[in-house]
């Protein structure tokens, strides 16, 4: 496979050289190739080359039925797997105007928030590790294991469960689920203070993240950067607040916003989000209404002809599903608006003029998951 | 042959006499050098193996895990297994690399280590070379390691290695200043550069207590600067795994990589030894001037145990640094040295000189 | 602005626009040559201020291609969907909007890569996921690839 390395329109000035942060690199978490144009230690520009994990999911969706598509959405942003499933389920339910039971909405919200916390824990531990504090990796994973243990007991697998189906859930939750989740909330509230001691308050970490990777609010909106990355620059884009779905209109939580626009602001937004997620789960976990775990759906799901769009708040930003349906059991065209795709497009803008070491910190604060970009 | 664990001088002289009595002076010298070389080689290898194991256990302890525990009792032989693996690995030859320099670089760092260790007193009488400019010699010789690092990065013919070597070169050269200046502070207190005289001079109290304020400042500065000097801890961006894969030794494999790895741990040992000798008394037990009874109790523990204990304590502290803090960026590192540590050092020297003149030390 | 007022405004700006019924967002089909000018007005006018383009997709409609723009205003909280139809499959070219919304740069590269729709005046139109020398555009309905695609 001969590849043409073709960075466009680059002027080779005195002392400028190209370096390949190739697809195998310890800190581009995933297979992403960045062609950096450097002058000394300073980054002049950056070209991402993606496609190493392009699996043609959108093409596969044109042949699969809607319940089968749920399994494919798991594997895009696999750290927010539940939330991706939620988007497709909501799209089908809204298109067919099906009323899902309240129980389903509550459970889906709780699972979404647990997934968000697990995703942010993994972000925190790899952020610390990229900056050199390798101990953070083990502390974050140790706490994430508690969530994965809850998942394993309730749903049978740790990461990609495909638990939601159009109409409701695949089966009811395990009897231990509520108690274990409540224990986890108590446990994690204490641990998150540890996270602040280890990393947030560390002077080295603050020196390496304050003022680094600045992006203004106008640029963030123009690049379509959403999620904690966008909220770090003051862009209020939380889909849970602006277009509430599931049980989000019944809970009271704050949208984490910072205005500094640098890496430290994005870091603080995610730390706030973890705490807000704990609050949301706390408000819902004791009040799950009794009822069915699924609405009655036809055996074969066919969406009426037309166009539909559904947005949810994944751990990394606004995740959207756009379906063009012609009345069959598979969509005519299914497009996934992936948050990491837009976030990556801003990486070049954010890292110009900073050093290679800063690029690692900026990439860590963007928290991209490559399979979501490549689909 | 009189062998006393408290004083090796008699033992060494007996061996010396035996050799010179039985062979011509030339061959006796050759035999002596060979024996000393072999002893150091074996001690170096064993110490290196043990330190690698200790690092993994300390790291695991901080990270809430167990560390190696399968190969041997408590994983004690893990390093030997790793070493055998590294010896059996293929030595990859790099296309277009400068073969001579590429092969020499690991040896340079090892040779520099040996030269530095030779001058350090391990116990009373267990001292290979006793220059009267001992500290100057050690500082001069350990600055040669930057040559090995730069050669490794340059001859690898890879951009990542070159960046790593450049960063490392700048870092080592800058921090040498702070290391030397903090050592000079203690030389002012000791009044001599000879290692054995420095240790003898701490017979009534370690320098860190005798010199109180400026000695403690010098100790802290020395710890920071020497951690930076050996590319460890929060200053390890020359080999930052998450940024440049492995920095200047990315392209090395097998036994050559083992040399770099080993020399990093032995550098840590050397730096901790020098700190233990100059600040904490070397092999001198913990004495408080005037309390003869207490001193006699302290003398009961052999000097070599004191020396090993102090060195390992400092090594443990240096290991803790690495696993707790994130990494500094190159410009922050250089700012730390030139804008903070260097002025502190200079002022500290003045304070210490003043204190010594006025006799305000213990 | 509610849907009816938005419909009036858009039809006022581009009388040839074709309104399509949809439960969620107001949808308009815009002729390709009017798209760029309309996009500029949509961003700049203070009562419209569509500054956030959240989805840019391409759809293969067998006889032509459709490029679909989903946009939102962060200040006025209204949404809009615009569609542009290319003339036919062979000459599939539309004007780029990446000078208005920076996010379109990579999205348009993706549409070009997978569907083959060219974007005029795009600063760097090359394939994004597939290699430079890949033949064909996989998301097209008539794409056949015995090696990489398994038909069940």
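A, B and C are the chain letters, set down in written order, and residue numbers restart from 1 in every chain.
In this text, a contact is a pair of C-beta atoms (placed from the backbone, for glycine too) under 8 Å apart; a residue touches a chain by one contact, two chains touch by 3 or more.
Just so it is clear, the model here is predicted, and its values are computed rather than measured.
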item	value
Most distant chain from chain B by Cα centroid	C
Identifier of the chain whose CA centre is least distant from the whole-structure CA centre	A
Whole-Å separation of chain centres (CA-atom averages), chain A against chain B	46
Whole-Å separation of chain centres (CA-atom averages), chain B against chain C	64
Gap in Å, rounded to a whole number, between the CA centres of chain C and chain A	25
Contacts with two or more other chains, residues of chain B listed in rising order	none
Touching residues on chain A, where the partner in the complex is chain C	1-4, 6, 8-9, 50-51, 54, 56, 58-59, 63, 218-219, 221-224, 226, 235-237, 242, 306-309, 311, 318, 320, 322, 324, 332-333, 335, 337, 341-342, 344-346, 349, 374
Touching residues on chain B, where the partner in the complex is chain A	62-65, 159-160, 163, 234, 236-237, 240-245, 323-332
Chain B-facing residues of chain A, complex	17, 19, 25-27, 41, 128-135, 137-139, 142, 199, 202, 204-205, 207-208, 355-358, 360
Residue ranges of chain C touching chain A (in the complex, touch as defined)	22-25, 27, 51-55, 57, 59-60, 68, 70, 74, 77, 81, 101-103, 105-107, 110, 114, 123-124, 126, 128-133, 138-139, 148-149, 152
